[in-house]
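What follows is one structure encoded as structure tokens, with my remarks underneath.
Just so it is clear, A, B, C and D label the chains in written order, and each chain counts residues from 1 on its own.
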């Protein structure tokens, strides 16, 4: 029941918003919709926490420790993003970067996007998982090109084509999976239910599944933004409206990684080897290194943080590939803290670039002088994202690094290099942006600071005092994922 | 008696250092004049100089601060303290236990530190130049000195001066390469530390060649007297340290008051010989350019380190 | 109709699909591309129907009809209208010249055959060896997207790739569950509308559909 | 939480009242954190903020001081568990003599500097907001104390990075000048890389245990257990040691990881640089000792050898660089590199002895190291505070424009002189005592069974001696150029003496460093519990009037009685003074001798550059020196008679060009190459995914 509310709220909101259009109350409805989703997801979480993993009668939906926290996270971040985008988009509207149709489209598609992601998280059917991933892509494509600037259109086109092709390959993987499962469960959707598949994964044909994993890897990996499938990501993040960049790198990447991990579990079960894990480790490490080195040379602030998202997705992928209880725990935690941190960073970056009406980092200066909340928000956010305690990212990287040092010391060296370079790249750009004197072209804006600092506080809490229920979930999920 | 005897020795020793040091300098001067075919002012001239200076009034530089005025006393005190801990005539010297060879080097370092500061206090180019050069010499000579005495203390398994002298006295005369190296190094360092030719010339006031004299150029009256006296004591102490470390024979052993006269005589002879050696060196050699000095001291440093190495390798 | 016959028909259709895939690679005129693409869709739906008939799976008929509607009529029509409206140049321009593309294509076919060889035995009698064709079609579609310069041709390549997927879904595995089929069809439809919108956006912003216009976003040195 | 007795009720509840050392230290940590949290609320009232913050930190430091002192004094080990952190990895806290000793060091300097800061920071009030300073100053102190009491990898890393971050913001405090920002960047970068290496080393040490089935393998106790039970193979142990050594070394500023130090210390406010140089570097030494002696246990002698060599190199090169500096605080920073080197020399010796199971000698070297840590904290703090009050009184950091400050700053000058005397290790001041101990432990080395070491160690002693002599020379230069002579700067500079609290802070440090020098026996007796905990043996040999002497092994080996030497010098000086002042003699002031050249100006004095010139001639090969001198005026006049000459000396840290510039160039080159990936052409991107697909298919 709650599950239906979780899924339904955003869908209904989307429909309503499609009709409300550019009215004054549209943002409020937007907030309301995602707030409802969030509340419902909380209740869902409570149910799962008390009652354990639940599966709906039809078997189409399945909620366990792994996806419940991701859906709560998704609902939460979408809510804060809605709150943030209220003022942000109003400012954009006043500056005339978005038209009436644009606003209508923006709000409706935002909710649709949330719906797609929640569907992808909660469904139990690997086929529907694929469909909702595709839906998530399609619903954001035109949001990326919302500003209709040449670069925006180009970015959106690349996003569309690359992710389309990638996701198509994921479909091929799904087909192969079904092809193998059909022989065990017979035809019909029973053969696509993840629960069934995971229970009797060892019966599945290993050759087919290892073939299927390749397609899953390339397919969902494209959406996770793993190098060398990442090229759409920086463009899409830098050209879209900031709230969209926030949810893209905060949520969509997570969901894609979630899909990939779900598939990896099946493949591991079938092949009984650790090959999939190694593939993921290699992808993760390459992503960390490439992203770190690309960070060094960025001029556009949102682009830079897009690369940092690639780096962190690489870390999480690496950790999932590494396996083992601690690394998996770290990876799950990392997905959580990264999305919180990165979305809050995008909020502050959005405010900063509105203050200077540019995304050029060389023109953004003296934030602390201009607006201490924005300045310190950015500084703390960056400290959090590079893994400085007492923020949550540190905790996850602590676990992942120590585990890596034990199980894969060779990778740990690349890790060290990557982290160092990324740290240097971010700090050498951010310090002059935050400190120093404020330039004369800096303007005051009415920015929403609450979302930023709410995220900060949560990150702080996660870094200093990880709640018991979370760690229980993570342990449960780790047990689920580590065979 | 038992308890008084060491105190007597101590007092006697301090007295000797105070009184005999100008004599040594005088002796060196006399010999030098002879060697260079000049008429000398006699062995006791240094005493006359000192007393004259003590009588004179003081002219202070306008810019001189309290550092400048307190320096002579500190230099004098530190040097005399050093004199109180080097066993010259007898090994059981109570104060010898309070400060070992490292402390001894440090005491000379204090004196030098303050002299250099005083040189910079008045604010002339000369003072600064003198201090700079002095500290350059010192910064190379001091480690070399430590190395060479360390070699001795490795041989004698102690850094306490009286114990070192004692052990060297105890065991039979044998040729140790390490000690030979150490002695050579010590000789070079002693020359440098006391500002003798070829490193420095105590009797010149030619601006460009001065080291020690440049620092104390502005001193006068009793200040100058104290500093001069201290430097005489320093020469005396280095010579006597050298002889008591490397040629300790004749020095009075543990509570053997009977040996004291003999100790006196032997000390006198040894120091006379040292003086002669100094004269020979100073008349044979010419003062070297200031930037040759590092090479000179580098040689000393290498020698002393070689001494230590040879102790580890050969003994 | 015996299994054997069905298998023969099916493999013929598979061959035809592969042929059309190659046809897409060689064809130099856009309208020609559209026709070939429509033909491919037709073969696809027919083979779906055949499989459904032989296996007695009726939901496959639905997907066959869907395919027929979408891939043979709707999408080609949309594309036709767009090309007409936007006055796109009628010649296809490619990055790599045709013979090379062909050779690569051949190599890809061999590769995918080799790849699917181990799982041929698992496949059912009727649809044996069609998986290789499906994979080959997917890869040829990808190859086409890589080697063509125009947005339109890329889209066609993309759709051809989708055809390959469908073929795999239907022929190799007797079709996915109906929900999935419907969902996928829906997505394709949305995608079609989106690229429709895109063509206009691109056209208005760049007044050309040449992808060369869209190479601004990069790490400049 | 095996092996950790749940002793000591924390600072909350009745815990405050009982004198559990850990309770006291954690109480002070809480006070610091509370102050940091409080400060932003007072941002509007800067004056009250100033008072509350620094009085509060003074108090907190005293509490920590008592705790640390007690822990060492009755060599007690107490531990407790704070219910924060990961659910199954709470913060384990533990205060043993080792951490107690370092906590004492931190607290002592924290106290003195906090007193000093009351006056020093006042000069910022009105100029800029001191709120960040107040916040991060307290966080910084809290972080350092936390590092010392942390007893598991997680809480250690958290507090370590807290310390780093706080000091980063302090370095960037005067953020409008780009140099400070750059310094802060370099600092935080190197610190972070070091932190990651430490993290990896913890990973090695804990990973060997339970294979991460549970998080409790992150506790230090289980790491100890691993090392003891031989879970860690020698190779892994070596890896852990090396990672830790370089991780901590980056923070300690060993050559060649020192480059951040001379940038960050001048940039930071002087009270902060006093803390950074005085105690923050020591936390790194703490880490090295903790990991090598406590967690891993020294097994291989080459560990000690490596540390020894690093120490020697850092000491010698550090002091040489220091000698050539003209910026006072920069010079002090380089001298900190030297002192860290000196400390590491003793630590290395101690490790060597420990690896050969020579308890007594190891303890002696350890004591030498600890003693020098304490001394350096005090006198380097003093010197930085002095530099601060010069900066505050004369608004000048460049020694070339100083001089004669002794006349204008009658208090700062003598206090600074005390600092110079003890850093030049002259008796009876504190520096000498530790140097004496270090030399003793060198001279006891012949009993080592390894011939290689027997050759290495004399060289080590030589280098140490050379370093000490050069240090003396360096600080003659500092005091002589800055405080003596005549003012070289602009004529209308109004130089004024520091305020009361600043004088008080410096005076405290000066008295302390004299006391540490005169009564070493007490100090050693107090800190003997540290080596007895680490290497199970102590140094102090029995002798009559034990408090009067330090007699490392046996009275006949060596003995040093600082009080008597002090009294001796004093009495001789007094005697001379009294005797000479029995007769009244006039004292006239006269002009200095200008050897006939009438137009002497203050700029003709020897300045810092000219003082160091002979050294440049000798050790020039170590630096990258650019020396230019050209004549200004009418070109057709003979070069002899130009109206002015301009001499320009550029002196750079060669290591920057040896390691760091290549590294950054390399990474930028790599990023250019990587940037090519983002080519812009969508076909290329599709090709990437195509190729990826093919490759993966081939491998599957």
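Of note:
By definition in this document, a contact is a pair of C-beta atoms (placed from the backbone, for glycine too) under 8 Å apart; a residue touches a chain by one contact, two chains touch by 3 or more.
This is a predicted model, so every value here is computed, not measured.
Removing chain D from consideration leaves the other chains in the touching groups A, C | B. Chains B-D form the pair with the most C-beta pairs in contact.
Farthest from chain D, judged by the mean position of CA atoms in each chain, is C. If you average the CA atoms of chain A and of chain D, the two centres end up 43 Å from each other. Averaging C-alpha coordinates per chain places the centre of chain B 100 Å away from that of chain C.
The mean-CA centres of chain A and chain B are about 78 angstrom from one another, to the nearest whole unit.
Each chain gets a centre from the mean of its Cα atoms; for chain C and chain D, those two points are 69 Å apart.
Shared contact sites, meaning residues of chain D that touch two or more other chains, fall at 672, 675, 677-679, 682, 686, 689, 693, 697.
Looking at chain C, one finds that residues 115, 142, 145, 154, 214-217, 219 touch two or more other chains. The multi-chain contact residues of chain B, meaning those touching 2 or more other chains, do not exist; every residue touches at most one other chain. All chain pairs that touch, listed by label, are A-C, A-D, B-D, C-D. Residues of chain A that touch chain C in their complex: 125, 127-128, 130-131, 134-135, 138, 141-142, 145, 148-151, 153-158, 160-161, 164-165, 168-169, 171-172, 174-176, 178-180, 182-183, 187-189, 191-192, 205, 207-208, 211, 234-235, 238-239, 294, 297.
Of all the residues in chain C, the ones that touch chain A in their complex are 57, 115, 118-119, 122-123, 131, 135, 138, 142, 145, 151, 154, 158, 161-162, 164-165, 168-169, 172-174, 176-177, 179-180, 183-184, 186-187, 190-191, 194-195, 197-198, 201-202, 205-206, 213-217, 219.
Interface residues of chain B facing chain D in the complex, by the touch rule stated above, are 54, 56-67, 73-74, 76-78, 80-81, 84, 95, 97-100, 102-103, 106-107, 109-110, 112-113, 116-117, 119-129, 131-133, 135-136, 138-143, 146-147, 150, 153-154, 157-160, 163, 207, 217-218, 221-222, 226, 290-291, 294, 301, 304-305, 308-309, 312-313. Those residues of chain D whose C-beta lies close enough to touch chain A in the complex are 84-88, 153-154, 157-158, 161-162, 164-165, 172, 175-176, 178, 181, 184-185, 188-189, 192-193, 196-197, 199-200, 202-204, 206-208, 211-213, 215, 218, 239, 667-668, 670-675, 677-679, 682, 685-686, 688-689, 692-693, 696-697, 700. Chain D makes touch with chain B in their complex at residues 403-404, 406-407, 417, 421, 424-427, 432, 435-436, 439-440, 442-443, 446, 451, 454-455, 458-459, 461-462, 465-466, 468-470, 472-473, 476-477, 479-481, 484-486, 549, 555-561, 564-565, 568-570, 572-573, 576-577, 580, 585-595, 600, 602, 604-607, 610-615, 617-618.
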